[in-house]
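Quick notes on the structure that follows.
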Amino acid sequence: MKIQVINPNTTATMTEKIGVAARQVAAPTTEILACNPAMGPVSIEGHYDEALSVIGVLDEIRRGEAAGIDGYVIACFGDPGLGAARELARGPVIGIAEAAMHVASLVAPRFSVVTTLGRTKGIAQHLVTSYGMTAHCASIRAAEVAVLALEESGSAAYDQILQECRLALAEDEAEAIVLGCGGMADLAAELAASLGVPVIEGVTAGVKLVEAVVALGLGTSKVRDYAYPIAKPCLGLLDKFALPSQG
Amino acid sequence: MKIQVINPNTTATMTEKIGVAARQVAAPTTEILACNPAMGPVSIEGHYDEALSVIGVLDEIRRGEAAGIDGYVIACFGDPGLGAARELARGPVIGIAEAAMHVASLVAPRFSVVTTLGRTKGIAQHLVTSYGMTAHCASIRAAEVAVLALEESGSAAYDQILQECRLALAEDEAEAIVLGCGGMADLAAELAASLGVPVIEGVTAGVKLVEAVVALGLGTSKVRDYAYPIAKPCLGLLDKFALPSQG
Amino acid sequence: MKIQVINPNTTATMTEKIGVAARQVAAPTTEILACNPAMGPVSIEGHYDEALSVIGVLDEIRRGEAAGIDGYVIACFGDPGLGAARELARGPVIGIAEAAMHVASLVAPRFSVVTTLGRTKGIAQHLVTSYGMTAHCASIRAAEVAVLALEESGSAAYDQILQECRLALAEDEAEAIVLGCGGMADLAAELAASLGVPVIEGVTAGVKLVEAVVALGLGTSKVRDYAYPIAKPCLGLLDKFALPSQG
Amino acid sequence: MKIQVINPNTTATMTEKIGVAARQVAAPTTEILACNPAMGPVSIEGHYDEALSVIGVLDEIRRGEAAGIDGYVIACFGDPGLGAARELARGPVIGIAEAAMHVASLVAPRFSVVTTLGRTKGIAQHLVTSYGMTAHCASIRAAEVAVLALEESGSAAYDQILQECRLALAEDEAEAIVLGCGGMADLAAELAASLGVPVIEGVTAGVKLVEAVVALGLGTSKVRDYAYPIAKPCLGLLDKFALPSQG
Amino acid sequence: MKIQVINPNTTATMTEKIGVAARQVAAPTTEILACNPAMGPVSIEGHYDEALSVIGVLDEIRRGEAAGIDGYVIACFGDPGLGAARELARGPVIGIAEAAMHVASLVAPRFSVVTTLGRTKGIAQHLVTSYGMTAHCASIRAAEVAVLALEESGSAAYDQILQECRLALAEDEAEAIVLGCGGMADLAAELAASLGVPVIEGVTAGVKLVEAVVALGLGTSKVRDYAYPIAKPCLGLLDKFALPSQG
Amino acid sequence: MKIQVINPNTTATMTEKIGVAARQVAAPTTEILACNPAMGPVSIEGHYDEALSVIGVLDEIRRGEAAGIDGYVIACFGDPGLGAARELARGPVIGIAEAAMHVASLVAPRFSVVTTLGRTKGIAQHLVTSYGMTAHCASIRAAEVAVLALEESGSAAYDQILQECRLALAEDEAEAIVLGCGGMADLAAELAASLGVPVIEGVTAGVKLVEAVVALGLGTSKVRDYAYPIAKPCLGLLDKFALPSQG
């Protein structure tokens, strides 16, 4: 099985870290292709960054479909472009926020999300609602760590994240932690050891869910909402995104 | 007051129609600038089209901010790019689905949305939920009319839309109709005359709401969720979208 | 366009203040008629006061309809008598809580309501739910200021309200403030200048929304819920409220 | 124990019927005082009628408090004036919609409301939401019977109501019926015999719930929302409704 | 009328206390049969205990049906086995969490639940949601008192419970208290006297609601969800629970 | 990895079928142990059957923990005993309704559940709500097939199920089907081939989700809600279920 893990930002070190995490949990028969688009913002910290990242995500999905990819993980906690990606893909496409929240709800009644910047909490809250996780989500907390600070060795990022996790357990009565950024893919094990509760990280959760869906013989439903896009011209800068119908 | 009405698709005849509708309701002191991006799909009929349209919408907002625009209407019923546009803009940005639903809820307890293709009903439903209109929305119905069929004179589109409106009133007990496509901007008056209930069209509703918000001295809140984007590099095809911080 | 702004209590100084605020934002072609009923409580601070105020509101709407009023604003944050008023009126009727919350949701994802007495928080919460604003409302806070204290110059009311606004921004992560009393109609600009976020006041918001709805050619839907009242006798003290059918 | 059952409209024959129904289920030690106000509409079929009825209900509650009444039932399915009445009363005040829905939820997972005119369905829906009965309410159906038709012997009202009940069971999968008008107080037993499911009528349910609450030594909470009204002047037609504080 | 009050745990002193409380509020014509199963855990403090208690509850209901019992109260705040019990019973079956929450919502807009151990808060929250009490429930607080500590005279349990009640009123703005354990059946009056708000205890509330439902001539609906169980073999340890059909 | 798949009823042929389905999708390194309890009902078709099945499920979990099982699937669509099982288990425990709904939501925006008897629809609806799937669930339909009819070759069960699936797609606009009974574990592939949409079956979905959770190094959270049961006596028929504390 080939799973393409798409880091929607254009920072290669983060892509590499995500790929390492993905491979650590993948089944022996799963091939992980970690990639990032050639276009778009170097990190995603708000609606504008996220909107700009979607084009690149879709470009990668197009390539993936041509290359016979079985399923995809979108490795940014805002799950950018998820609906559009599902229209393009035959197999499953899963966002890491979606993956982490679903898995968390299987092992704990209430989890807290610990994310990077406070300005992205609204985006996370919107996903909590969309995925039906309102009753399962104890709180969303921001460590006020910039995404790229997660790439710097020796930064205070880990300690700030750990501190927010502890507050989530003590004050919000969370029973598990969901890590709210693809750049935290390497932190789950250490945090879990310190905290004594399940710590769910979305890249790894996403890989296992895509493996599960593919193993079940399932792909994205191709009726109504996620039917293949209708063929039509696309102009200007985006002309290469025009698609022939695949129905 | 200058209001920019952005048709997110690249079909100029629709932009023109939208501009005419906008000017018909605008105050004498309001200047309407109707535009569409140079890039993107010719119509928006699903998640993929919508995702592709966002880049163009943001390009127009960037230009608008440089030109001193007071407020914006995003004239596609999926309200593509609304959050990102709000990060960019000082003044208000309102989507036509948002505008139409809010206005409808002021004149009737329950409205039905009548839109184009059935495959877009999920997108409309998501907006109903996001805007808090669940209890106000009696149903979402699709006339199964392609968006560009609304541009063809002599098409059966009007009759199919009228028929769905009648079913919404009779079967779903709707008390008003919300038109679910920017391309229906010229149909509201005739439909209202036939149906005997309020028919709310989003382009015109959006213009009046932007006028209202600007007249109240209000703009988009610049704390937390809609703060100006963080300055950062944006690579490749989208390099011109990199922004300096404005905070 | 003639808009009647009804202060549901019987305190004339508050009516005057409300009229001034309404005229400041009204379009040049809008005539504002600010009034209060001849009957009812001098301020509205709970369910009983509110219930008593409704008769007066309806009396004013009846007069307004006879006088050819185009639309109405009910200028008390509990929106008393809104449904009954809509049955009576051909044009739109908008409450100031409704107006302020809708406008706030257009410029910020989450607002806090800052109101007068804590005992009215339940009423405000009920309106938040009715208008679909649950996800948009960060908190409801009471400054514990009596309504008529807002009429006294030199009172501590402004400072107490400012303090609650600051707490809403800092502790509840609000991104805008909704003022929760018609008697605060003169405070929005000063508070906004101090707080640096949008401050939405309902009287002014209501005037602009009524203007918008009327300009769109819309009135209250006259099918089902808000159909004209059925003609029938009304006995005793209220005999003059018996109405002929208008259907 | 003295329970005052207030018919909010001014039709004495309906008051009498309601009193008979109340006495049939009351405990031997309960004294039922059935009354209707001297003022207000002869029937309640919409928001306007309901608003007009509230003054009379409050007048009766004031008298009741002076007379040492232990608890009240408001015998109109819109539960008019419930919050205001609770501010006035020391003991419990229960509306018949509230009573019927709560009792129904104790004997069946999902009930349907069968009411009089379709125009009142929105009012009933609002109460379903307020009382937390959304998941318990299978449907609201109107028999399109005028309220006063329930007072005419030989009318088709019973058959039309029976027919809607049957449809609720067959099409909406209801497991119990809630009768949606105080004027149906005499129909429950016969309908239940025909339908084979519990039929819950609010006047009788309200009497038993008031008895229960009083027997438990409970009254209306007098902190926050339902605290006694604040003493203040009330002008004009309603001057006698001015109240001294009782806190 | 015979009401069987079932304490689902096997601690006889608690059963006795529950019986005393039930008899204090029961009508003179009501016979209270307080019992506990011969099998099951000595106290219920989590999902596992609750699951084990259900068999005993159902055993008691079976006996009750054979003995002509008119209605049942399940006297543990998790309402264990409620749905299954309703399938078995002709008359009403009411859980004490259900009873207390419904009664509380009749006398106060928002109540807090004060329960024993924090680990059971999730169970209470689930019931709040199931009974439609989300908007009525201000908070769920645990006094961190073991259930059987309520049986020890001289324990600190009362003081800890009182303290949590005070916090609920002060910090969560509750207007009434719901006691979250059958073992608190003797505490309501003293707590109410100290707190000055209604304190609702479920055993007593349950008895009065069962009396009310039976007096109304109502029993559990026997169509669909709560139809009598289908006759079928039941093997092994539970063979005596096999039932003949009663439809 | 050892996964125990527990059929909560006592029909061995169904257990065998479930085991076959589980092994078909399990990873090569996963050992599937399919079992059913020695005690309890032969099929589960309502609340009473479900309550009786829980004891047997817990008995199996106790054995499983002693035998070093890594994770569990509860193979009845009511997910009986899920919370209690999670208290007992170190690793994950997943119900087949939970598994199927979560997987369905990853491949389609809206699914319909097709189950056996109509009387179980309320149980399924309750799970839809608990798992946050309200917005994802288009409908719950019953084929009116008894559970054990699924064990008879040549029965009309398959055709009736297929027919309900077709109605779900055509009338309810479902985009995927969730099979609502463990006894349908062998039907998914054939139904999917006929219907052209994803058909999700819970036994297989559950196995893959347990594999995923275990591979991620996660188990059931042992703080608060799912902490190990408190040690205490358990009397009578259930004495062997008394547990030592494991905290």
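Note that the chains are named A, B, C, D, E and F in the order they appear, and that numbering of residues resets to 1 at the start of each chain.
The rule we apply is simple: contacts are C-beta pairs under 8 Å (C-beta built on N, C-alpha and C of every residue); 3 or more make two chains touch, one makes a residue touch a chain.
It should be emphasised that the depicted structure is a prediction, and the values quoted were computed from it without experimental measurement.
S.K.: Compared with chain C, which chain's mean CA position is the farthest off?
M.R.: Max centre-to-centre separation from chain C belongs to F.
S.K.: Looking only at residue numbers at the chain A/chain F interface, is the share used by both copies over half or under half? Answer same or different.
M.R.: At the contact between chain A and chain F, which are copies of one sequence, the residues are largely the same (over half shared).
S.K.: Centroid of chain C to centroid of chain F, CA atoms only: how many Å?
M.R.: Taking the mean C-alpha position of each chain, the two centres sit 52 Å apart.
S.K.: Where the CA atoms of chain A average out and where those of chain B average out, how many Å apart are those spots?
M.R.: Chain A and chain B have C-alpha centres separated by 29 Å.
S.K.: Could you list which residues of chain D touch at least two other chains?
M.R.: Each of 109-110, 118, 121-122, 129-130, 135, 173, 224-226 in chain D touches at least two other chains.
S.K.: Contact residues on chain A for chain C in the complex?
M.R.: Residues 118, 121-122, 129 of chain A touch chain C in their complex.
S.K.: Which stretch or stretches of chain C touch chain A in the complex?
M.R.: Going by the criterion above, the answer is residues 109-110, 135, 173.
S.K.: Given the complex with chain C, which residues does chain B contribute to the contact?
M.R.: For this pair, the touching residues of chain B are 25, 27, 92, 94, 98, 102-103, 105-110, 130-136, 169, 173, 175-176, 189, 192, 196-198, 200, 204-205, 208-209, 211-213, 215-226.
S.K.: What part of chain C is in contact with chain D in the complex they form?
M.R.: Counting only chain C, the residues touching chain D are 10, 37-43, 45-52, 54-56, 58, 81, 83-84, 86-88, 118-119, 121-123, 126, 129-130, 224-227, 229-230, 232-239, 241-243.
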